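Structures given as structure tokens follow.
Two complexes come next, and they have one chain in common, chain A, joined by chain B in the first and chain C in the second.
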Partner chain A sequence: MARQRRHWPIHLVLIAACFVMLVPFYWVLKTSVSGENIFSYPPSIIPRDPHLFYYVDVWYAIPFARYFLNSVVVSVLTIIANVVLNAMAGYSLTQAFAGKQIVLMLFLSCMMIPFQATIIPAYLITGKLGLLDSYLGLALPMFSTIICIFVFKASFDAVPRSLLDAARVDGLSEWLIIWKVMMPLAKAAVATNVILSFIWSWNNFMWPLIATRSQDMQTLPLGLARFISYQEDTTGALYAFCIMVLAPGILLFLLAQKEFVQGLTTGATKG
Partner chain B sequence: MSLEEDLARPRWKRWLFNRFVLVPGGIGIIAIVWNAWVFTHNHGTVAGRVVDAKGAPVEGAEVKLWVFNFTTFVEQASTQTKADGSFEFASNPSHNIQLSAEKAGVGRSRIPVRLYFQSEDISLKRPLQLSAAETGK
Partner chain C sequence: MSVTAMDSSVARSRFTERRSTRKAVLIWSFLAPSLVIFLLYRILPLAWNVLLSFEAWSPLKPAVFIGFDNYREMFQDDDVFWQALWNTLGIIASAPLGIAIALGLALLVNSNIRGRDVYRTLIFLSYPLMTVAVAIIWRWMFDERVGLINYVARSLHLTDQPIPFLNSFTWALPCVIAANIWQMLGFYMIIILTGLQTIPGNLYEAAEIDGANSFRRFLRITLPLLRPSLFLCFVIGMLNSVTSFDLIYVMTNGGPGHATEILVTYIYKLAFNQTRFDYAAAITVVFFLLLLAVTWGANRLSGGNVGAVEYD
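On to the complex of A and B.
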């Protein structure tokens, strides 16, 4: 009891930090149901006459369902590719092979190159493959991310070597070792990959802007830009749109936050 | 639930009864129910009543349906009220409309009506109340 009482200053600071971090989200939510301009004075904490009609406006102002479907398809493709390819890459990095350190250094150094710097080659490659303005083309540059490869590597490194040796003695191929032995033990890494690849794919604006030509292939971030460009009074509807774009990501994070945190901290306390 | 208890359950229960299935499943069910509701209530019917300043029904008032068209409201349809002051539109295509009513010598009124989906059937709870003040007299 006394120990719990000693923790109240920490809890107070944490509550204050939570409050500071959640206020912008609350403000977006409040504006989406009230339409009150952020510059209105005096500012009100509780929304005045809340309603959901701004969400209805957004739904009908643009082809929201089509953009949503596009974003979902691209995100699912990205998630599947990330889990499969990153697991294979992560597993290979746990093995000993000639030039492993060079590969690791190459991966680490490539993390410093911003995506904007690789957009032209990415566009040319996607164009040569004939994938521009297609779901596969929209997802292709995000099929594998180095950070997620290292998440898998850290998770696989934590698996005892004896388990791998036992699997090899039982006659499992390397491919089956990944899927039958490693992956069930790396659920946290899988969840981390799913969440990170989903959020990056879902929020991606630059690549879909470049890779899409038809309106039917646009994703939600492009829809948001389009919505802002031709709506005049957008205060409430714009914030409602933001909530509609953010909600799936927040929901996925809340669903898998336990595994996500585990995945990020795997290997952090090793040794 | 501990890990041991979780593993003791049948595999199909573990696959089916977890938050990754239940939450999207719940959202899916809500979406299906909502779409069923929309499908059965989207005939575009807008009904209401027109009364004067004292609350008495107004017969023969002209009621207009205005539909939001990108930036402004444009007239979609018009009708006359019956003896009991009631009116009805049968083909509202929009979710953001205005209703105006006017009768010479009695007054006029105009109200915004927001709907939850396009062509939602609605019966106005409050009547349009004509007032001379709005005619500018």
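On to the complex of A and C.
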């Protein structure tokens, strides 16, 4: 009892912190369902005449379905490529081979190059490949991520050597060893890969902004930014759009928080 | 050793040799796709940027070598570049503030209280969200007419006139930095929490027996042992913040004037609005060197193991 009483200042501070973290969401959610003029002053704290009109409005104001489809296609491409390529690269790094140190050095130095510092040549290269304004071009730079390679490597390192040797004696090729032996044992690493690559490609803004020309190829974040430049912030539909875009991310995060955190901390401490 | 035995050992070594070459080829072919991606979108662009920065080139003109002219223009004549550089440095300097807040929260969440997982989740929630949406949320919070922050400030009579935060030369940059810290806070906290959990509890017990109070224990045990985590936070947070193109593009687009221009937004505008790829490449090179220098400095301060990987 005394113990619990001693904790109340901690709870107070943490509740205040959570309040600060959550209020911005609430303010946007409130605006998106509020029936009053969004510029009436003083702003109401609880939504007045709540309705979902703005959520319907979004579908008429912008090609929401198209943006959504584009985002999904690019994300799915990215996720599949990440799981396959990172698993292969991660498995290679668990083996001994000539040149391994060079590869590790290369990976580590690549981590120091933020994508934002490569945009001009990345644009020119993608143009030379003829992939501007295409799904493949949007996803290609994110096809493999170094953090995720190390997530797989850490997970494969934990598989006992004897299991590998047994599989080799049974005549399994290295390719089959990855998919039949390693992957089923590395489910957590696969989950981490899927979640991280989904979040990165779903939220990516700068690359689609540069690499798309037609409106048909734009993804959700671009649609959101375009919406704000066309409409200013005069309509509640913008905030409804905002909530619709945020919802999948929040949902996924709440469902798979453990894998997400694990990926970040593995990536952070291993690379 | 008999002749046949020698023969068979040669044959065996040839066999294992062939097998190991085959295996090496296989391993390199597993690595190849990832390596191609990194060469194409990391290494090659870096080299190309450097090359481009010494040229006068645009998609319509043939390239001409002009030496350091782009750099001379940047350092001598370009006020916007200097403004963007200072703003970028300002954002880097703000990272320790976020880390300090996160450290406090992490210490509280790490204590043995009920509902710590809920607190952790709620504080971490903002990190994985789409930055464009976060920018729109904060635009709305800072709105001059009905933003919550102005509303609270006016209700508490802190100000009579609503403050146009994002249109004000004084307030725009601090507002963008605040939004950035808000988004990064949860990430810092998670990294620090992971660091806290690696500190052995018996150190604290020993210190308590020696009569060290909780403040001294924090100063003498927690802080030194957390040093790698804190610097890791700084490096990743710094990289994340100075490249938060989306946040600034949507919140202010570098305005008013160039009050919130950072190097990345300036590079983007030069390259893709004014088609000055060559000059933008020169700024990119300076930007990259700046990041390297800051990372290197942080690495030295932390004892040299930020970003270290176990070699085996």
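Here is the rule we go by: the second predicted complex is superposed on the first by the 209 of 271 C-alpha atoms of A that agree within 3 Å, B and C clash if a C-alpha of one lies under 4 Å from a C-alpha of the other, contacts with A are read in each partner's own complex, and residues count from 1 in each chain.
Operating definition for what follows: a residue touches a chain if its C-beta (ideal position, glycine included) is under 8 Å from a C-beta of that chain, and two chains touch if they have at least 3 such contacts.
Source: prediction; values computed, not measured.
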Contacts of A:I102 with chain B and chain C, given as first, second, both or neither: neither
First (chain B), second (chain C), both or neither touched by A:V56: first
Chain B versus chain C as contact partner of A:L85, first or second or both or neither: second
Contact breadth on chain A, by residue count: chain C or chain B: C
Touching partner for A:Q116 - first (chain B), second (chain C), both, neither: second
First (chain B), second (chain C), both or neither touched by A:Q257: second
Touching partner for A:A65 - first (chain B), second (chain C), both, neither: neither
Touching partner for A:I46 - first (chain B), second (chain C), both, neither: neither
Overlap of the chain B and chain C footprints on chain A, listed as residue numbers: none
Chain A - residues contacting chain B, complex: 51-53, 56-57, 60, 232, 251, 255-256
For the chain A and chain C complex, residues of the former touching the latter: 4, 7, 10-11, 13-14, 17-18, 20-25, 27-28, 31, 38-43, 85-86, 88-89, 91-92, 95, 97-99, 101, 103-104, 106-108, 110-125, 140-141, 143-144, 146, 149-150, 174-175, 178, 199, 202-203, 205-206, 209-210, 220-221, 224-225, 228, 233, 238-239, 242, 245-246, 249-250, 253-254, 257, 260-261, 264-265, 268-271
Chain C residues touching chain A - in the complex, by the definition given at the top: 23-24, 26-28, 30-31, 33-35, 37-38, 40-46, 48-49, 52, 104-105, 108-109, 111, 113-115, 119, 121-126, 128-133, 136-141, 143, 145-146, 148, 151, 155, 182, 185-187, 190-191, 194, 232, 236, 239, 243, 245-246, 249-250, 264, 267-268, 271-272, 277, 280-281, 284, 287-288, 291-292, 295, 307, 309-311
Contacting residues of chain B [partner chain A, same complex]: 19-20, 23, 71, 95-96, 114-118
